[in-house]
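In what follows, a structure is listed as structure tokens, so that the remarks can point back to it.
Going in written order, the chains are labelled A, B and C, and every chain counts its residues from 1.
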Amino acid sequence: MEATSAAGGFKVHAETVTVQTEQRVELVDLTERIMSYARATGIREGLGHIWSMHTTCAVFINEAQHALHADIKSFLEQMVARDAEWLHNDPDHSDCDRFNADSHLRAMLLGHHLTLQVTSGEIVLGQWQRILIAELDGPRARTLRVQVMGI
Amino acid sequence: MEATSAAGGFKVHAETVTVQTEQRVELVDLTERIMSYARATGIREGLGHIWSMHTTCAVFINEAQHALHADIKSFLEQMVARDAEWLHNDPDHSDCDRFNADSHLRAMLLGHHLTLQVTSGEIVLGQWQRILIAELDGPRARTLRVQVMGI
Amino acid sequence: MEATSAAGGFKVHAETVTVQTEQRVELVDLTERIMSYARATGIREGLGHIWSMHTTCAVFINEAQHALHADIKSFLEQMVARDAEWLHNDPDHSDCDRFNADSHLRAMLLGHHLTLQVTSGEIVLGQWQRILIAELDGPRARTLRVQVMGI
């Protein structure tokens, strides 16, 4: 799905991005895909927006480093134990059979969206900043919506 | 309060939404109210924005399920103990008599705002995603600002 | 760096803001600087956006109170121990010599950006809400990008 609308020089472009994850908990670097898309819209000044279409898949900023990504996974495990007695995982209280309360709580901490500035036709990111998604209940096919608006 | 402004097809609509909460910690599903408002603006492509006017009331995304909402409340209690020795609750250090350091810290984790895409006149949400507010120091009358901008 | 672009009444202004921090972990209130900048753009209705250019410097909302800021620092220390055995701090796994895994994880919890409404030429904030940055690996010279778009 792709959409483009314009009025008086103001434009909105939007696109669906899909990601196939391979593990239950996995970080994927989407920076290049998002930056390429933003560039292709031709919008010079405005905002970009990335939305995860899932409750258990987060979008956030951090450095792309193998050791740090291992730390992020450890940290999420420390913060939200998978095997705690969550009601969402209890058949007496929930009809969800994915046993994924931890995924919901971890995604809530990281957040489901990013808003980014576009300046001179480029997404604004610092030297070490990368646009990451956190798969928290995979492996799955995940869908994100990316929008760029401006002039 | 309601505001509408337009230039060259670009429009900005904004409105105040009020919610009366009933408990100290409570999750309220605002999805239908926000979606109806966005639809009524007539904006087809753009961004929606929801802002909590309070430090101790958060706005975030999760599934609407009774068991999961109970888990979210338990999780917030585990993360931020109400009765820890917070300086904000100590009359020697603070003039706040609400004893609500936990509310401030919990809201900080969940966040005070959401930015959402509008496509084909509808707010973009995944199948299980709901727009929730977390009352963290109620019961109170809470105010949110909702804005939709675009074309 | 400053940029201004316009089309059909729609405008985008952006500016770089720098902050020199003094401590390793420090909260700085940027509310007045951001509000003054937004006012100066002359944009009446739209969105403001604040972006930290750093992985280890967060932007978030809370009250400006000395006691509460001490609580926020304690809370971050409780949530993410500086001296845990993070791989990012281990020379066998990482070439980062700043020993700052905690800074990365704490910033991830608070977030790197804020999107704010502009109405009647003013940033929309509740009575107790302040725009704060969290220096999490200082002291350093920090850079933020501030953008206001609208009409």
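FYI, a residue touches a chain if its C-beta (ideal position, glycine included) is under 8 Å from a C-beta of that chain, and two chains touch if they have at least 3 such contacts.
Quick caveat: nothing in here was measured; it's all calculated off a predicted structure.
Q: Specify the angle of rotation obtained when superposing subunit A on subunit B by their C-alpha atoms, rounded to a multiple of 5 degrees.
A: That pair's rotation angle lands at 120 degrees.
Q: Between copies subunit B and subunit C, are the contact residues mostly the same numbers or mostly different, with half as the line?
A: Subunit B vs subunit C: different; shared/all numbers falls short of half.
Q: How many angstrom lie between the CA centroids of subunit B and subunit C, rounded to a whole number?
A: Here the centre of subunit C sits 20 Å away from the centre of subunit B.
Q: For subunit A, jot down the residues that touch at least 2 other chains.
A: Residues 7-10, 47, 79, 109, 111, 115.
Q: Quick one: which bits of subunit B touch subunit A in the complex? Just the residue numbers, please.
A: 7-10, 44-47, 60-63, 65-68, 70-72, 74-75, 79, 109-111, 114-117, 119-120, 124-129, 150-151
Q: Give the list of subunit A residues in touch with subunit B in this complex.
A: 3, 5-10, 12, 14, 47, 49, 51-55, 79-80, 86-88, 90, 93-94, 96, 101, 104-105, 107-109, 111-113, 115, 143, 145, 147, 149
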